[in-house]
Amino acid sequence: MIRFNNDYNHGAHPEILKRLVETNGENFSGYGTDPWCERAANKIRELTACPDAAVWFFPGATQANFVTIHALLGPCDSVIAADTGHINAHECASIENTGHKIQSLPNTDGKIHAEQIEALARAYYEAGEPEYLTRPSMVYISFTTEFGTLYSKTELSAISEVCRKYHMLLFVDGARMAYGLGSEKNDLSLEDFARLTDVFYLGGTKCGALFGEALVIPDPKLSPRFKSYMKQSGAVLAKGWTLGLQFATLLENNLYVELARKADAYAMEIKEALEKKGISSYIESFTNQQFIVLTDAQMEALSKDFIFEYTLKDGDNRNVVRFCTAWSTKAEEVQALVKAIEQL
Amino acid sequence: MIRFNNDYNHGAHPEILKRLVETNGENFSGYGTDPWCERAANKIRELTACPDAAVWFFPGATQANFVTIHALLGPCDSVIAADTGHINAHECASIENTGHKIQSLPNTDGKIHAEQIEALARAYYEAGEPEYLTRPSMVYISFTTEFGTLYSKTELSAISEVCRKYHMLLFVDGARMAYGLGSEKNDLSLEDFARLTDVFYLGGTKCGALFGEALVIPDPKLSPRFKSYMKQSGAVLAKGWTLGLQFATLLENNLYVELARKADAYAMEIKEALEKKGISSYIESFTNQQFIVLTDAQMEALSKDFIFEYTLKDGDNRNVVRFCTAWSTKAEEVQALVKAIEQL
Amino acid sequence: MIRFNNDYNHGAHPEILKRLVETNGENFSGYGTDPWCERAANKIRELTACPDAAVWFFPGATQANFVTIHALLGPCDSVIAADTGHINAHECASIENTGHKIQSLPNTDGKIHAEQIEALARAYYEAGEPEYLTRPSMVYISFTTEFGTLYSKTELSAISEVCRKYHMLLFVDGARMAYGLGSEKNDLSLEDFARLTDVFYLGGTKCGALFGEALVIPDPKLSPRFKSYMKQSGAVLAKGWTLGLQFATLLENNLYVELARKADAYAMEIKEALEKKGISSYIESFTNQQFIVLTDAQMEALSKDFIFEYTLKDGDNRNVVRFCTAWSTKAEEVQALVKAIEQL
Amino acid sequence: MIRFNNDYNHGAHPEILKRLVETNGENFSGYGTDPWCERAANKIRELTACPDAAVWFFPGATQANFVTIHALLGPCDSVIAADTGHINAHECASIENTGHKIQSLPNTDGKIHAEQIEALARAYYEAGEPEYLTRPSMVYISFTTEFGTLYSKTELSAISEVCRKYHMLLFVDGARMAYGLGSEKNDLSLEDFARLTDVFYLGGTKCGALFGEALVIPDPKLSPRFKSYMKQSGAVLAKGWTLGLQFATLLENNLYVELARKADAYAMEIKEALEKKGISSYIESFTNQQFIVLTDAQMEALSKDFIFEYTLKDGDNRNVVRFCTAWSTKAEEVQALVKAIEQL
């Protein structure tokens, strides 16, 4: 069976394991106060053109999401997110567990837009900031989204402008940042994210690392005691150097984006094969996640040799499924899938 | 410089890295639903003689602590702990952050005793369970304690009895479980922990793993939706098999305890050298952590070649410091330290 | 100016003040352990035909809502409510502040229906109770709703059945219970609420009291330490007898429902006058709250002598406003309003 | 039976009930936006010499405590309090329920002192503000304390100075503020509290009102959205004018302090009688609460005609009990008690 069900079903890029082995005899200072974390943080500061940025390494993305929101919002502040946003739909109310309301907006292909956000914020201020409503104080978006779609520079700039107008922080969940940066349709750079948003992260878990996310706060004055919030939620790894080492390895020599670029290209091959066969996308994506609509027979046929994710039933004989490529996907796996699609 | 400052300054036992490398080409189901986790859980069920135990793998100990307490207590329940307990003194109020009060008791050598616990519980019930007090609903202890000390089977049995009498759960933080099991003075087995307590864990981070703690709930009915609590706090690792693989490696062939037994024995060598030299313990320990009292001159002399942890100033010319051995400590490092002690 | 803007703009029914004055020289035991609370609780047990019911007196409704939800749900449980529900739209995220997600459903005239609720619950169980979703564990509805509408016995029974099928508690916010019971269209009794739901309250603040809500838990085993939850959130009034006294006064001799019946009848007079004038309801209500659509000119004309609540702009020259009668509304005030409507 | 068990066993000062009756036919704007609240707030601004102070009316003291602490602290901030402080010992972990740790200090006669506070704060900063500790960000004290004792101007000034030095807010629980102000030994004024602290309140519940506490934030910029926090916790009363009316009544013509001065004087009569009889104080108090040590026989004798509060057993034949006078205590009640003491 070949797995296309997600982008976290393999270990880590071999270069990472190699370095873990090489450094296994060395000793390090704990809790992220080691040279590897410093080296990775500096590389990120360079890539984002933010020499002063605060950079924090999290073991996982759910932690990165709720710790950041808990640290940056007050108890009566809420966060705006797409109804399909990961924090709203896949994290067992981790945000509400920290005491915050999510104000969800209906998504379009997984995205929310500046106009929607502005309407919500304006309504709050036009009503006179009533005490019985939470203040919309942050906007959370994902790049790439749950459906693999991308925000364009124009879209992100518009959202950024609304956020600044209404004193809302802009937070980008970058669990799949690499696959966004690597897409042929992408026009955003890490420098853009640093310029247009207040906090974002570079996902490692889904993009070549064993685990880990690198959070960037371009303006370090935004949260002077951020590490305390991490500690309080158990997000400071004792052997923090294992996170620094992984990100240093991925980010130096551009491995991070190159791996994703290849995975995105594989996804485009699969997309092309599907289109040729007349199989439609549920939502069109130019990154590693492809959501497509299969008939019952097609689904059964592909299930023989491939593992993919069943997402939802979209009417009679219409099954929405997800095929995911990843940094670990091999050319022959893609060829096998393309061939199987051709033979449907 | 040789590090004796803590037991988490090296990567992982080589056998673990070897297996990570060997399996790096394989693919796995995510979030702990893989064969490695099953294999490790079964091994733990065998070692604890609890064929039905729920076993959960956490990335880190702070998470294991607060998620467990949050999952098992109601909002008006409190947890009893030593004032020096890790949850009370080292985790930035992670327990209070989940809404629970810690009722701290004065420690004796890092431990609390059945009599103290019973007095607290009895006072609550004798007062008629007043609504303005939280109910003491759990007792949290550590094995080994923050000072490296051990609960004996007699002591643990007495605490267990009080807990059952007053309907309190007994939770053992086992971040250093291995060093307890490996001590020459220990008379407790994993089966005893499973029999006498309600939830406990086998620490990996400090005992040979890259990261990870294995939590055991002998009676799985105690928390039927435990994984939701883990998910909500970001404690379910995407690549969960890396946790299962580590614990399977450590627990099969008894590597876990053997590594700790060696580290404890090294600590005894150091202890003996100190005693010969007339350097006293701050608190006597028979495990890998040694808290000793050095003069200013002694401290300065040892600082030349060794890194150790400064703990507190205990009066003029009396410095309490910690020397820690670990699974990764080498014989020649111990010899060097013993020699340096002899030359003080 | 005559106030029709809400149902809490006057003090208390004179009988209540009379008793407060009469008993002012007496002394009482504190925190609700007094004879007045016992007397009121017993009256409620009689009216609901629940001799064993737990009855708790809250100072206010927001407290009654969040304390009840916090006490009865676990951290990974969510509560289902209408998007317009008071807990979702008017209480500054008090529920999320206790850590719980509200799963909001689109309302129809302020109500949600058994089919919607069942669909949501079924989806959760059909998906296999995934750990990344909260469990829907409670349904919150209001009687009367935010729009003054009523659940029928058939509707409430259907919701109750779904709740029992899916192990969800049914909680009725009864801040305006009296106006529901007093409506000519109502077919539900307090006995029905006790039989069909798990927890509900009789609002006092809007129905003749100075302040206070009486919460009923028909099965007292549901929350044995409920008073602790109240205490923790500051909902146990020191001079608790003032709550008991008010409810005893309102509930004995049926004053509670009689006051509301009169207010509802006044609202029907106003409704009739509006209909004669061709002014349409925004949502048709048979209780004390009337939501109607006024032109700009009509709104301006009525604003001269009356205070009412502006709710929303529903398009050009369409203003949705609320007129509220109350236990304190006088016949001459209604006549003045009816006359003013006739003269529009 | 004559009640001396607490200071909240009677309704309200007759003048308050009179005004409630007088205004019962009037209508008011809700949620504290009425002329009575404005009038009371202005009176408080005048009495505290803080023309810009924010003044908020709470239904009860537990709410005032936890809402204030929740509003003014961040998630990793802790509050310093006496171990006997009301928030630490009598409110069912309401502070922890909002996510904050209480750092308790051993009390001396119910008080904590500047030196203790400074030592705690200094230790945190000397340790380098480690991420695993919460930041001490607020000091909570009570005036009068749980034992009826008073902070002197010298003591409060010293605490204030430490707070400013270490960027901690100073919060005074004034549930019994009146009895402090009315004591013959007191040298603090409301102006002093406004000058030396950051937030404090004037208790109503125990000092002549039916219910209610008036919170003062001298610098309104400290918490610009404070009412949202109140709303979120259900602390904004719908009929808020009942709070304003009570405080206006108590504070105009100095009734508030005069009532307490009388109660304190009664307590001094009782104290004198006890001393004459050789009955010792457990802790010496010059306000309305008297904690004394009775033999079993004395306790039994006094129990025949008086209700008082049993506090603790202080050894064989030593019972610590509390006698409380209040604004509602009558001269003849005190005479009866004095006589009974003389006859012991």
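When the chains are written out, they are named A, B, C and D in that same order, and each has its own residue count from 1.
By definition in this document, contacts are C-beta pairs under 8 Å (C-beta built on N, C-alpha and C of every residue); 3 or more make two chains touch, one makes a residue touch a chain.
As the structure is a prediction and not an experimental result, all values here were calculated from the model.
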List every chain that touches both subunit A and subunit D. B, C
Looking at Cα centroids only, farthest away from subunit C lies chain B
Taking each chain's centre as the mean of its CA atoms, how far is subunit B from subunit D in angstrom? 43
Per the C-alpha centroid definition, the whole-Å distance linking subunit A and subunit B comes out as 34
How big is the gap, in whole Å, between where the Cα atoms of subunit B centre and where those of subunit C centre? 50
Tell me, which residues of subunit D touch at least two other chains? 75-76, 91-93, 97-99, 131-132, 134, 228, 231-232, 236
Contact residues on subunit B for subunit D in the complex? 75-76, 78, 90-93, 96-101, 131-134
Subunit C partner, complex, touching residues on subunit D are 3, 6, 8-12, 14, 17, 20-21, 23-30, 59-66, 91-94, 97, 205-206, 210-211, 228, 231-239, 242, 328
Interfacial residue positions of subunit D with respect to subunit A in the complex: 31, 70-71, 74-76, 98-99, 129, 131-132, 134-135, 225, 227-232, 236
